[in-house]
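What follows is chain A paired twice: with chain B in the first complex and chain C in the second.
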Partner chain A sequence: MVLQTALLIGLVIFSVLAILLKDLLKSAIALAAASLLLGIIFFRMNAPYAGVFEISVVAGLITVLFILTIALTGAGHDVRESKLVNWVFPLVFVAFIVIDALVMKSLLGKVPALPSGTEAGTFGDVLWKGRTLDLVGQIAVILAGVFAVLALFRKRDKHD
Partner chain B sequence: MIILFVVLPLIVAGLLPLIGKVSRRVLPDLLANGTLLFLLVYAAVAGRALIAGGPVLQQSAWLGEAVNLRLALDGFSLLMLVAVSLVGLAAGLFSIDYMEHYGAKANYYALYLVMVAGMNGLVLATDLFSVYVFLEVAAVASYALVAYGLGPDELEAAFKYLMLSVVASAFLLAAIAVVFGMTGSLEFAAVAAALKELNAGAVLGIASACFLLGFGLKAALVPFHAWLPDAHPSAPAPISAVLSGLLIKVSGVYAMTRIFLNVFGLTPALSTVLMVLGAVSMVVAAFLALGQKDMKRMLAYSSISQVGLIVLGIGIGTPLGIAGGLFHLFNHALAKGLLFLNSGSVQQATGTRDLAAMGGLAKRMPVTAATNLIGSLSIAGVPPLNGFWSKLIIIVALVQAGHPVFAVVAVLASVLTLWYYLLIQRQAFFGKLNEKWAAVKEAPFWMTVATVLLALLCVGIGILFASTVTTWIQPAADVLADGVHAVTGSWGF
Partner chain C sequence: MTNTWYLYLFFAAALVFAGLLGLLGKRNLIKLFIAIEVIGKGISLLLLSTGFAKASILTAQALVITYIVIEVSLVATALALIINIYRQTKSLDIRDLAKLKG
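And now, the complex of A and B:
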């Protein structure tokens, strides 16, 4: 319980840091740390596949992409940010915590036990046989991403 | 084979970049528009026969393995499929000539077809998470299409659109997680059945609020509309037509009404919230449209205003109100598609979107001017065009349901609508020909075909409105008016 609470608090702290840090590189690393903690939480909550994806894709691959992009774009240009963010973010954050606490309090007693383990079938069963339509959607998202990259990085001929 | 609506455009999209290496123009034009035409004919001809015996569901095996492809086609989804195919085809035909100077046409069509597949998938989805997945499919393709011109404005608009869409997605995911936590299911039918058992008013309220924020952003209802007046004008004209005509309705209005009316059940409180949001959007956006100098920006604000009217109509919750809202959704898709395509013709001919710089273009572009007049009058609600009948139904439904104030607001907003559309017509097309445009020519063949097709539909549906309502609108409205029972009753797997 203590470890779980520590992990959750760490997750929140690193997530908030990822938003508030002005340095993009530090922000990306804070995000990676947050998702690493989330991955561990997933493992501990009996969702190993979610944990593996969270750590390998979000903490690993995406962080590499972020850092690569930051390295390629170069630093030095201070972006002037609206002061409003400094006020709005903590407000929204507190409101979210309050709503979350209220919702979870009334939810906890009512949540029906979700099937887990062998009862729900293996990960592969659920993915291939349970959510087949989502796989089609997933393929479509990947296609959209590939075509988007092709379109946005094409040579600008004729059109000005 | 209703899975074809999703899979066929995806397969063709996958092939197009390869085909583009062989033939840069003709084959991509032919293949993309052929696919869209096939989907339109399939939806319009076979669709009604498919749903005649109740909603069609599909759960098939593939290569001997059980797969879970659950799709549902009922009156409401069929109406949306027809709208998507129809406006999609018109914009596709328009692209043949219009997208010529953008380059990489095969790639453009590939993205376009992925967006169509996303919209079709969303309309056929039977569970909350699939709705989210296909919403993202259409959205990811549309970000790239908005930025397709690669100019600074286009990129900025696409980025703004992306950022606000991500906020919408976050709210939608939060809502889906709450619903899953409450009911242990994502399936529409199971969620609807479980919610009836559970007495979870407060939690359901939170989920509804998150859905409202998410879909409100997607549908660009005031006050969540900030992205639309940048994103829609910046896109190439056929994409503006599809975004304003279809995407905000499919990923905003369709998804919202399907979930609120068929899964959650429309409560009086929710009905009031929808009506107020709709009325505020309708009025605020109409005033904002009046002040615009940019033709496409004015059309974009008009979209927000008209989506407001659609949500107001559906929000009444009575069968007549829902029918009026859905009819207006269909009519607005056609007319706004037409107007955005026309703005593309004008922009291509003159190189400007500034209304003040135009003038007298009707003399050089008579067909564009005439079709634009039809589209404008249709949206403004002038008889006997299609928009008149849908507005009339909504206003009658408002009076009938005991909301005379909303009815008066709707009438006044219509007057404002007519005002700013006449401004476009007068500044761009009527009056003395600006000397700068002496050499301007009518839009090329396929662009004209697309706009004439939509204009004829606006007139035709206006004249044959009674049969259109009974054939296409009523079955869709029946599904929504049936409420939760529509999915728990006949959607059982």
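And now, the complex of A and C:
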């Protein structure tokens, strides 16, 4: 429980750093560190498959994509961020944390959620038999992403 | 179990709020997208922790994996858009996109 809390605190700290750091490269690396911590949290919640996906895909692939974009766009030095945000962000965030700590416990019984029930079978059974339509949707989403990237990097042909 | 669920929900809400603040305050397109990613992390933590608390971790895992696949597709498309915007405007400032002159 203590380790899990420490991991969650680390996750929030790295996520806030990813937003607040001025250097985009450091932001991307902080985001990767947050993903890594989230993956470890998933492992500790008996969800190894989600943990593996989180670490390999989000902490690995998405970070590479971010770093590639930062390299291609020259790190965005031209953008002048508002200085007010650096003061306001921590203050409002701390205020929200206090409100969150006070309110969340009373919300627990009121948030609608499925009733507790024990699941039968393995993860493979649930994914392939219970959520088959999700898998079809995933294939469609990946294809849509591939075609979108192809369309966005299309070269002009001679007739244009 | 309720105490653990409370802890996860508390941190998931903090992550979503941090992402929203980043979306409101930042001007760099890549920074805005990092803020969206942080919100996504909060949502996946919320999904899995609710599954953990309600003893349906397998369904929650399937949902989180679906979300991660969608996230990858979204990131690839959005970063391609950002690169194209940079080529057009030579800037990553979101305010430059408000000028819709051709």
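The rule we apply is simple: the second predicted complex is superposed on the first by the 115 of 160 C-alpha atoms of A that agree within 3 Å, B and C clash if a C-alpha of one lies under 4 Å from a C-alpha of the other, contacts with A are read in each partner's own complex, and residues count from 1 in each chain.
The criterion applied here is as follows: contacts are C-beta pairs under 8 Å (C-beta built on N, C-alpha and C of every residue); 3 or more make two chains touch, one makes a residue touch a chain.
Everything quoted here is computed from the prediction, not taken from an experiment.
Visitor: After lining up the shared chain so the two structures overlap, which partner does A:V136 touch, if you call chain B first and chain C second: first, second, both or neither?
Guide: first
Visitor: What is the contact status of A:V94 with respect to chain B (first) and chain C (second): first, second, both, or neither?
Guide: Touch partners of A:V94: none, neither chain B nor chain C.
Visitor: Quick check on the superposed pair: does A:R154 touch chain B, chain C, both, or neither? Answer first, second, both or neither.
Guide: In the superposition, A:R154 touches chain B alone.
Visitor: In the overlay, answer first, second, both or neither for which of chain B and chain C A:F123 touches.
Guide: second
Visitor: So in the superposed three-chain picture, is A:L102 touching just chain B, just chain C, both, or none of them (first/second/both/neither)?
Guide: After superposition on chain A, A:L102 lies in contact with chain B alone.
Visitor: More residues of chain A are touched by which partner: chain B or chain C?
Guide: Of chain B and chain C, the partner in contact with more residues of chain A is C.
Visitor: Does chain B (first) or chain C (second) touch A:L3, or do both, or does neither?
Guide: A:L3: touches no partner chain.
Visitor: With the two structures laid over each other on chain A, which partner does A:I19 touch: chain B (first), chain C (second), both, or neither?
Guide: After superposing on A, A:I19 lies in contact with chain C but is clear of chain B.
Visitor: Once the structures are superposed on A, label A:V64 by its partner contacts, choosing first (chain B), second (chain C), both or neither.
Guide: Neither partner.
Visitor: Indicate the residue numbers of chain A shared between its chain B interface and its chain C interface, in ascending order.
Guide: Residues 107, 111, 113-114, 130-131, 134, 137-138, 141, 144-145, 148, 152 of chain A touch both chain B and chain C.
Visitor: List the residues on chain A that touch chain B in their complex, please.
Guide: 99, 102-103, 106-107, 110-114, 128-134, 136-141, 143-145, 147-148, 150-152, 154-159
Visitor: Help me check something: in the complex, which residues belonging to chain A touch chain C?
Guide: 1, 4-5, 8-9, 11-12, 15-16, 18-19, 24, 27-28, 31, 34-35, 38, 41-42, 45-47, 49-50, 53-54, 57-58, 61-62, 65-66, 68-70, 72-74, 76, 78-82, 85, 88-89, 92-93, 96-97, 100-101, 104-105, 107-108, 111, 113-119, 121-123, 126-127, 130-131, 134, 137-138, 141-142, 144-145, 148-149, 152-153
Visitor: What residues on chain C touch chain A, complex-wise?
Guide: Residues of chain C touching chain A: 2, 4-11, 13-15, 17-19, 21-22, 25-31, 34-35, 37-38, 41, 44-45, 48-66, 68-77, 79-84, 86, 90-93.
Visitor: Quick check on the complex: what are the chain B residues that touch chain A?
Guide: Per the stated touch rule, the residues are 6-7, 10, 13-14, 17, 62, 65-71, 101-104, 107-108, 110-111, 114-115, 117-118, 121, 125, 129-130, 133-134, 136-137, 140-141, 143-145, 147-150, 178, 181-184, 194, 198, 200, 202-203, 206.
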